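Labels run A, B, C and D following the written order; every chain starts at residue 1.
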Amino acid sequence: MVKRSFADDYGEGAHPRILEALARSNLSQQPGYGNDEFCTQARSLIRESIGVEDASVFFVTGGTPANLISIASCLRPHEAVIAATSGHISSKEAGAIEATGHKVILAPGTNGKLTPKAVQVAVNQNSMFPHNPKPRMVYISNATETGTVYTKRELEVLADLCKCLNLILFMDGARLAVALTSPANDMSLQDIYNLTDMFWIGGTKMGALLGEAVVIKDKTVADEFPYHMKQRGSLLAKGRVLGIQFAELFQDELIFDLAKHANKMAAEISSHFVKVGVKLQATTETNHVFPILSQRVVEALQKDFVFHTWEQLPDGQVVIRLLTSWATRVEDVQALKVRVSQLVGSTTNGITS
Amino acid sequence: MVKRSFADDYGEGAHPRILEALARSNLSQQPGYGNDEFCTQARSLIRESIGVEDASVFFVTGGTPANLISIASCLRPHEAVIAATSGHISSKEAGAIEATGHKVILAPGTNGKLTPKAVQVAVNQNSMFPHNPKPRMVYISNATETGTVYTKRELEVLADLCKCLNLILFMDGARLAVALTSPANDMSLQDIYNLTDMFWIGGTKMGALLGEAVVIKDKTVADEFPYHMKQRGSLLAKGRVLGIQFAELFQDELIFDLAKHANKMAAEISSHFVKVGVKLQATTETNHVFPILSQRVVEALQKDFVFHTWEQLPDGQVVIRLLTSWATRVEDVQALKVRVSQLVGSTTNGITS
Amino acid sequence: MVKRSFADDYGEGAHPRILEALARSNLSQQPGYGNDEFCTQARSLIRESIGVEDASVFFVTGGTPANLISIASCLRPHEAVIAATSGHISSKEAGAIEATGHKVILAPGTNGKLTPKAVQVAVNQNSMFPHNPKPRMVYISNATETGTVYTKRELEVLADLCKCLNLILFMDGARLAVALTSPANDMSLQDIYNLTDMFWIGGTKMGALLGEAVVIKDKTVADEFPYHMKQRGSLLAKGRVLGIQFAELFQDELIFDLAKHANKMAAEISSHFVKVGVKLQATTETNHVFPILSQRVVEALQKDFVFHTWEQLPDGQVVIRLLTSWATRVEDVQALKVRVSQLVGSTTNGITS
Amino acid sequence: MVKRSFADDYGEGAHPRILEALARSNLSQQPGYGNDEFCTQARSLIRESIGVEDASVFFVTGGTPANLISIASCLRPHEAVIAATSGHISSKEAGAIEATGHKVILAPGTNGKLTPKAVQVAVNQNSMFPHNPKPRMVYISNATETGTVYTKRELEVLADLCKCLNLILFMDGARLAVALTSPANDMSLQDIYNLTDMFWIGGTKMGALLGEAVVIKDKTVADEFPYHMKQRGSLLAKGRVLGIQFAELFQDELIFDLAKHANKMAAEISSHFVKVGVKLQATTETNHVFPILSQRVVEALQKDFVFHTWEQLPDGQVVIRLLTSWATRVEDVQALKVRVSQLVGSTTNGITS
């Protein structure tokens, strides 16, 4: 029997509607490099979802190119980007930002999020002209790398500070759809557009085979963005492949339905752990669940399920990370819950907590 | 009625077998970043086709990333790559190679191909230590940007010179499949492997949605190649998307069958032009046809077909470029031939040539 | 006996007045990084010489850093600079511009100079958005790498075209002082300032130990220029070393007196060659002399003098390059003339025209 | 009256012997770019001082170029350098290392020094192939940015770890001469050569107008080093300027005599503070003194002396930084001591310590 995986949210292919859309459009002859009618349609649907008619939208092949191209398209050589230590560009992109010549200034995150105070401290510590690179951008992720989401208030305060300090506010939205459908969220896509200078909407983790949609407000940056996409190797000849997928994702809000499913599956897992007395390292706001388990339970679960161990705690317990996605099956969640009950239920009945 | 296009070889989606393979494998849970079983299978099939068991194979998202990552992974900062003026990296990649810090030293091409003499001259002109960057690599395309192919003898002589001058020989194979199935070709995939240091096999132009397979001999370069893929933004989270496609392309030699079809369609068009008395700017070796037509005929053809005008000749005639692909329909070629006969036949009967 | 050298214009140390200025100021305690009083004084003298009170002036350590920092400070990643094939950045800087990420688009030079036509052609050939890098700057040298100078008319026409095409006009002035004191020149330093967007005044080849003064009109670029100087490693801790030298060079127009001497020495050599019947490959406009000599004469001259052989002509004759400088001694020019007369005089009497 | 400065160790010009050497050699005609006889002589003297006949030595214009060129010449694009948070490349070089494409991985310093443990932790945290850049080099400074020095034992243990982890050990020696003449030092220049892979000897802060000498063991790196120097803009046309200065600095161990003077002046200041009861934030190992003073005393001292305030302590006291150099005058140290006694003596009599 194959073990079921809660290891990540990119373990399967694409949502069936996306595959159908690819098949349906397959033999239509289209111009290359994003000039096809599907990209046009996808842009139009995204603009509608944002509620801004002249938002600029570009499709790139993945999260790292979305980040490196966006950042390199905005910064001058001596300018730097501030990011949380846990931020994807700080920790998981193999020095991709530095490879475009820019320093990533690290700031401590709070539940994966950057606070205005952390940004201000980073700016202060990098203000020795011309011996420090010039802080010029703030990078945040929503949802963050641990699944937490920004509230509107948090983002407003951060955006205000950025304006005040002349910093470009850039949001990595690899998991924006689960963020915007989180119970903890109080923002719309339009809010994201209004409060940031540039952001992207992840497709890869939200039911597409690949692809992310970068949204840009500044027309000067937008006009030249295809140069950067081409130069960094992320302008597909068959741009249609991305256009078709995003058109489908934004048709009837498919992307948000898929995100809701992921969040719901995570909430079920999360509340089950709580119900059987297992503590969580962090509250579950989107599709990440971080239960704290004994080594024995972890090993037992590993026989049937795939997931990452996240942290070894000093008391010998282990934090694991379970991720859900658009493709998570109800029956697998059910099986996980049953197994957790078997393993933990007995222990916790009357013993722990 | 929709005009039929001979504008390029990436105008349609993917070959149906590829879409089927994507659908078939869709719900299988796989690890990310190229560690899935489909990439493994595709690597194995490609190695088999090359006839070398330990060839290293990596899948990237497109031609420009294939070039920039391959080049950047081999060169030290002060090293340069020699390419024909008509080479893709010289003329169509928005300065992608320079953006990784390396100079592209231009050399004149002969029918789109680099000769040993041109390489030697380029090396001689860049030998003033340390005031010239150090020539360290030779970039060639096969088929070239105008559809010509290298003969085994040509490639052997070039490879010998490269060895002698300590130059890495790198082949851009965006159209390698049409090259290897060209009537003008006398090489196997194994010959390509043996005579170059690094090359890639294009999928985008040969029936895939996207993707190219980079083949590397040097184990030191290969071991670290995934770092470069990740850093330059071309390591897909769902690496499976590329693995599935290349596995299908190399199953039963599908890729070569598709290439043969493209070449056959081009040959038909080409010979028809010749038959009705139209001269070609270049002989048709693969899927490119360059007929020389009067402005009147070009305009008439443009009413029914899409293609690029390639060059205005001093005598007022026009060279157009017609490209065929795996997806070119026999009926469209037929329609084109009929229309050409109508437009040119009358003219040529007794008048021209 | 030591051979006297006409090999280049950086063979000696510094003009004695510069050494004296360094000694005189030596123990004065000054702030670092260009904030010293000598830099302030030098900036003020240069502004006076330009006749523009708010021109921005920065001192860097050499010609290659002057070029690479100026270019990198102006261009966005996807932008390219057009230069003559003979331009220093094209041919002698080890790929320094490419190492900052930018393509150098080559254009044919006419006597080392870029014509508006050549620029226009280069722009036209790089206008395929977004597949070509965007031409955004034109690099010229005055005097050029072969000692020729731009006339005011030539520079005006080029400047007009640049404005029209939104191109930044940047002048490498490694030998600007000999250009502005050339008999062929009709421009002032103020003309240079008015007609270009950015230029630099060479110190290294004009009597300084090292150092070049970059002059910038655009305040936005100027405000951030020290970041680029620091980041590229050309912001000296003891910035005074450059300030002291430029203050001295611009005191009583020393720099132009030194340039006049170099030009005068070259003119004497040049006219002597002509007088004894030797043809020149190019007219001598500044401090470069290119006589065409027989192999026998070249070898004989090499016994007493050091110089570069420049080109082997098809008829067996040889072009040599003789360079003069602020430090060229009258007696050495005299000795050279005598020796030339001895070697060539007899030959030319009645034999060669 | 001019205030005397203890602000830094690059406030004056050059040691008189250096100016004399420049004047003495001034009119000798020499080839450019480091091929002159003075560079040859300087290399020879440095090799003698190291005690290694075939050490490779190159002269660059400053500390930032020494660091960025050395690092870029060794690392592949995906490789990163580990440095203390207080390291010069981490904190004071405007992102110069990142501008060459490499990430600087921060590790906590201990008294400005990197411990093997900190290096090991940094490696462990960057071991997720290929999502982290590959740690490949360790950057240390000796003396550190706060004037502390490595002991032989410390360096040996670090060097062993680097060998074990395949890390290049690179030492920034902007203040190597004061380190090697510190009472806390137990290493020779030969030890530095043996225990590191690459290091540089600072001239700028040790009596030269400018210039640092990079010493390289690996012949492969050394052979190509001039390319990097040229490409990054640090290969002076008049290379002699650096050769003459280093030849003089290593003649009769001038550089170490100057360093001893700087250390002695610092020791006098330091012990005087201790004598009058002022605590130091750090022991004085080289030319840095960090007394902890009341705001009142700091302000009083600022009337006569220039120095940096280093840190505001929570209790309201202030740490200041006093730097001495080869040029620090005995009478200025005396004046400082007198003033300190006046200001602090009365306060401390009977009260503190």
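Just so it is clear, a contact is a pair of C-beta atoms (placed from the backbone, for glycine too) under 8 Å apart; a residue touches a chain by one contact, two chains touch by 3 or more.
Quick caveat, the model's predicted, so the values are computed rather than measured.
Of the chain pairs C-D, A-D or A-C, the one whose interface repeats that of A-B, sharing more than half of its contact pairs by residue number, is C-D. Of the two chain pairs examined here, B-C and C-D, it is C-D that is joined by more C-beta pairs in contact. Centre-to-centre, using mean CA coordinates, subunit B is 52 Å away from subunit D. The centroid of the Cα atoms in subunit B and the matching centroid in subunit C are 43 Å apart.
A separation of 35 Å divides the Cα centre of subunit C from that of subunit D. Contacts with at least two other chains are made by residues 77-78, 93-95, 99-101, 130-131, 133, 227, 230-231, 235 of subunit C. Subunit D contributes residues 2, 4-5, 7-8, 10-14, 16, 19, 22-23, 25-32, 61-65, 68-69, 93-96, 99, 204-205, 209-210, 227, 230-238, 240-241, 306, 327 to its touches with subunit C in the complex. Contact residues of subunit A toward subunit D in the complex are 77-78, 80, 91-95, 98-104, 106, 128, 130-133.
Residues 33, 72-73, 76-78, 100-101, 129-131, 133-134, 224, 226-231, 235 of subunit D are the ones that touch subunit B when the two sit in their complex.
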